[in-house]
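In the two complexes that follow, subunit A is the common piece, with subunit B as its partner first and subunit C second.
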Partner chain A sequence: MNHYYTAFKAIALREMLRFLQQRERFLAALVRPLVWLLVFAAGFRAALGLSITPPYETYITYETYIVPGLCGMILLFNGMQSSLSLVYDREMGSMRLLLTAPLPRWFLLFSKLCGATFIGLLQCYAFLSIAGAFGISMPTVGYLAALPALLLAGIMLGALGLALSSFIKQLENFAGVMNFVIFPMFFLSSALYPLWKMAESSELLHDICALNPFTHAVELIRFALYAEINLMAAVSVFLTAIVFLSIAIWGYDPSRGMKRK
Partner chain B sequence: MIRLSLLASLFLSTSAVADEIWVTNEKDDTISVIDLDSFEVTRTIQTGERPRGITFSKDYSVVYICASDSDAVQVMDPETGEILYDLPSGEDPEQFVLHPDDRHLYIANEDDAITTVVDTKTRTVVAQIDVGIEPEGMAVSPDGKIAITTSETTNMAHWIDTETQELFANTLVDSRPRHAEFVKDGTELWVSSEIGGTISVFDVATQAEKAKIEFKVKGVHPDRVQPVGFELTAGDTHAFVALGPANHLAVINAETYEVEDYILVGRRVWHMAFNADRSKLYTTNGVSGDVTMVDVASRKAEKTVKVGRFPWGAAFRPTN
Partner chain C sequence: MTLRVSNLSFNYQAKQALKDVSFDAEKGRFTALLGPNGAGKSTLFGLLTRLLTVNNGVIEVAGIDLRQHPLAALAKMGIVFQQPTLDLDLSVQQNLRYFAALHGLSGKSAEMRIEASLDRLGMRERAKEKLRKMNGGHRRRTELARALLHEPSVLLLDEPTVGLDASSRTAITDHVHQLTADGLTVLWSTHLTDEVHPDDALILLHQGVLKEAGTAKDLQNGQSLQDWFLSKTGAEA
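So, the complex of A and B:
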């Protein structure tokens, strides 16, 4: 049991140290959503139209609407960045060292995932604090209630990153991930516009957005920030996390993923 | 079982005495009664055509309603929702104000360019005063000595001596004055101008303008910033101003006349009413057809509830 703890601590701490040493990464992680919030949203104040949908009980500004989506964006980028580091580790050879640890592969991956998610949470709360300083705040209890939602969403998106990284052989291929995973996931979701708004322009677009796991992650965070639970989103994110994690474990299985390399 | 029924009756009696906000819906010819405990519409009452201004008598035993297109001020029993009788009001009554004597109603007759004074006890017209074109905003000073009518087209505030029922002063304000209120124990008169986009503050003693308040809502075109109804918080420290199609309330510091905050509410916010302790404010949002509850201390819109079509006026009714 002690081995497990030592390994968990080592992997999670390494993730943490790596993050702390890359100050520009922290800055970039914050600047990206803040640009969306303070620049993009400012120009689109009227884009939302006026309609009250749960969990909101009254009219809200567009800035308020996109905060949960931007938390999801932070977790999405963080998950992808963490998986990018795994590809880097693989190229540098440090991954072999990690994977030779006499512990189950799933546990090593899970430890890595936990470390990455923790960093994602730190980024989210830093972002929420800055948004609050600009007057875009949620109910106080919402910040606490959002913790499990952010955790679950972070694990799901981190697991997606892990699953993808098991199939990416070179660092250069990561640009493809940006184009084919991050952007479609983010834009085809309820992060920037509510689903009813999507349905106004295209039913197909609405259906794609409704199926997107990122939409469920965003809605889970959105409801949690108002101290409410969106059960469907929670179940959906949980199941998707299991699926992505299973794919990652399968991808990193020594008898499969690595053998192909 | 007895305990259960006792509990039930206790619950029922508690919910029966929750304070209310009465909202006139000008397109539905109805009043929506909102229970302030549950913040839900509990009653919808039929009125005359195009109800707009609404106010209760001092003891809340009757409610007066300007049924503009019925050319009547209707008097309703708030308990039963029954129209008791109509008062003679002149043509197209839009807004009115009840004199502190709890007896005389000062009514703006929009189509006739007159202000009608009605004695609610004898149900007779006491006086008709010629004012500017399209009178709308009405106010009476706390001591009852001065009544104000604002005229939308003439762009004036008309000062009426309530002893003689005659005009004693006319002051120019910005375009389309909509609403007037005496504040700070009647020492100041505030008049909102819809097209002008301002609130003019007058010194009552001299009728001279002493300040003008302007608004600028981030992301909203200045043409859409149209101040209409406003109310003062407890102690007259701050004013909440409905900005019409800007869909925002402005919060003004009544000492410095500076705008301190803007609060997003529904579409075309028009008038408003406070609860008993003035901790909550309820705004009528005409185009979106709803009422938004605003927390006065935190200056945050908390909840919005659907009412009828084009809610216009609002009045508070305590039931305890």
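So, the complex of A and C:
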């Protein structure tokens, strides 16, 4: 058991050290959602009327509405970026090193996933603090209650990245997948507009948004930020995480051969 | 015997990469796996390190069947990959600590082993330097220190001198030869004949088939090893 703990700590710490050394990555991770919050949302505020829907008990500004979606966006980008580094690692040798450690492969992958998720959490809280400084704040207890929600959502999105990385052979192919995964996932969700608003323009789009796992991740975070549990979203995110993780473990199974010609 | 390969075959879809390969690498001996590019050396290393799964044949490491007990077998192996595995932005010590932890070593026992492995390679005073500041030779030495950290019984090296200058190449080759004196089993894959010493065990792999096996000086039979190698494999080397 001690071996597992030692290895878990080391893998997570290594992810953290790598992230802290890439200051541009941290900056980019913060600037992206802040631009959305402080520029896009300000412009959009007038165009979009929001009615009172749970968990909100009163009228809210558009900026307040998109904060959970932007937390989701941070986790989405972080999950994809970590898996991008996995494809790079595989072309280098560090993934080989990890996968030849005398521990079960699922555990090694899960440790790496957790390491990446911790970085996502760090980014989310940095973003929430800056948003708070601009007066876009949540109830204090919400920040604490959001932690498990962010963790679960981060693991789900990281597992998606991990699953994708196991099927992508080269870095070049990954850029395309980023566009086909990140943008549809983000825009076809409740991150930027409530689902009922989407239904007004198209039932089909509404249904797609409602099925999108990213929508559930965002709703989970949204409710948690107001210290409420959205049970359906929680179960959905949890199950999706298990599915993505299973695909990733299957993808990295040695019998499928991570080492291709 | 500390490394035994029996009747190993492997296909990449339609292409057969290894055909019925069997050999033993003896304890305390340097076994050179010689073959031109595309001979199947990297596939064999993939199978030995479980990056690929053995479908046909058996691999035993220190008496442990790799397929049945993969984790116990991996714990007995030290591996130097052709590709660099170290994080260039971390120090030598940080890299080695990470690897030690993957093998369940932490705290004092890890520190002691890190110091000992760096001492062996004359790199102790550079422990805190970042890998990025080091030349290719020192990076490779660090890879070797890493692979030896958990005191493996079998050391596998997949073309470990690729990209090194002549003096670094000789230094690493000689050093690994010396390690066998302590009872370490070494399997060294290469396509460069000057890395093989006359008393080394030699396995010649060509087009996925094991063509020759024996002691280098017996096999070459008065010829230079380079000429012998070319005569067995054509001009592909």
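What we mean here is this: the second predicted complex is superposed on the first by the 255 of 261 C-alpha atoms of A that agree within 3 Å, B and C clash if a C-alpha of one lies under 4 Å from a C-alpha of the other, contacts with A are read in each partner's own complex, and residues count from 1 in each chain.
Rule of thumb we're sticking to: a residue touches a chain if its C-beta (ideal position, glycine included) is under 8 Å from a C-beta of that chain, and two chains touch if they have at least 3 such contacts.
Here the structure is a predicted model, which means the values were calculated and not measured.
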item: Partner chain(s) touched by A:176 [first = subunit B, second = subunit C, both, neither]; value: neither
item: Which superposed partner A:42 touches (first subunit B, second subunit C, both, neither); value: first
item: Partner chain(s) touched by A:61 [first = subunit B, second = subunit C, both, neither]; value: first
item: Contacts of A:52 with subunit B and subunit C, given as first, second, both or neither; value: first
item: Which superposed partner A:148 touches (first subunit B, second subunit C, both, neither); value: neither
item: Contact breadth on subunit A, by residue count: subunit C or subunit B; value: C
item: Touching partner for A:103 - first (subunit B), second (subunit C), both, neither; value: second
item: Subunit A-facing residues of subunit C, complex; value: 12, 15, 17, 42, 46, 49-53, 55, 71-72, 74-75, 77, 79, 81-87, 89-90, 94, 97-99, 101-106
item: Subunit B contact footprint on subunit A (complex, rising order); value: 42, 45-46, 50, 52, 57-61
item: Contact footprint of subunit C on subunit A as seen in their complex; value: 2-3, 6-7, 9-11, 13-14, 17-18, 21, 91-94, 96-104, 253-255, 257-261
item: Subunit B residues touching subunit A - in the complex, by the definition given at the top; value: 218-219, 247, 264-267, 288, 292-293, 301-304
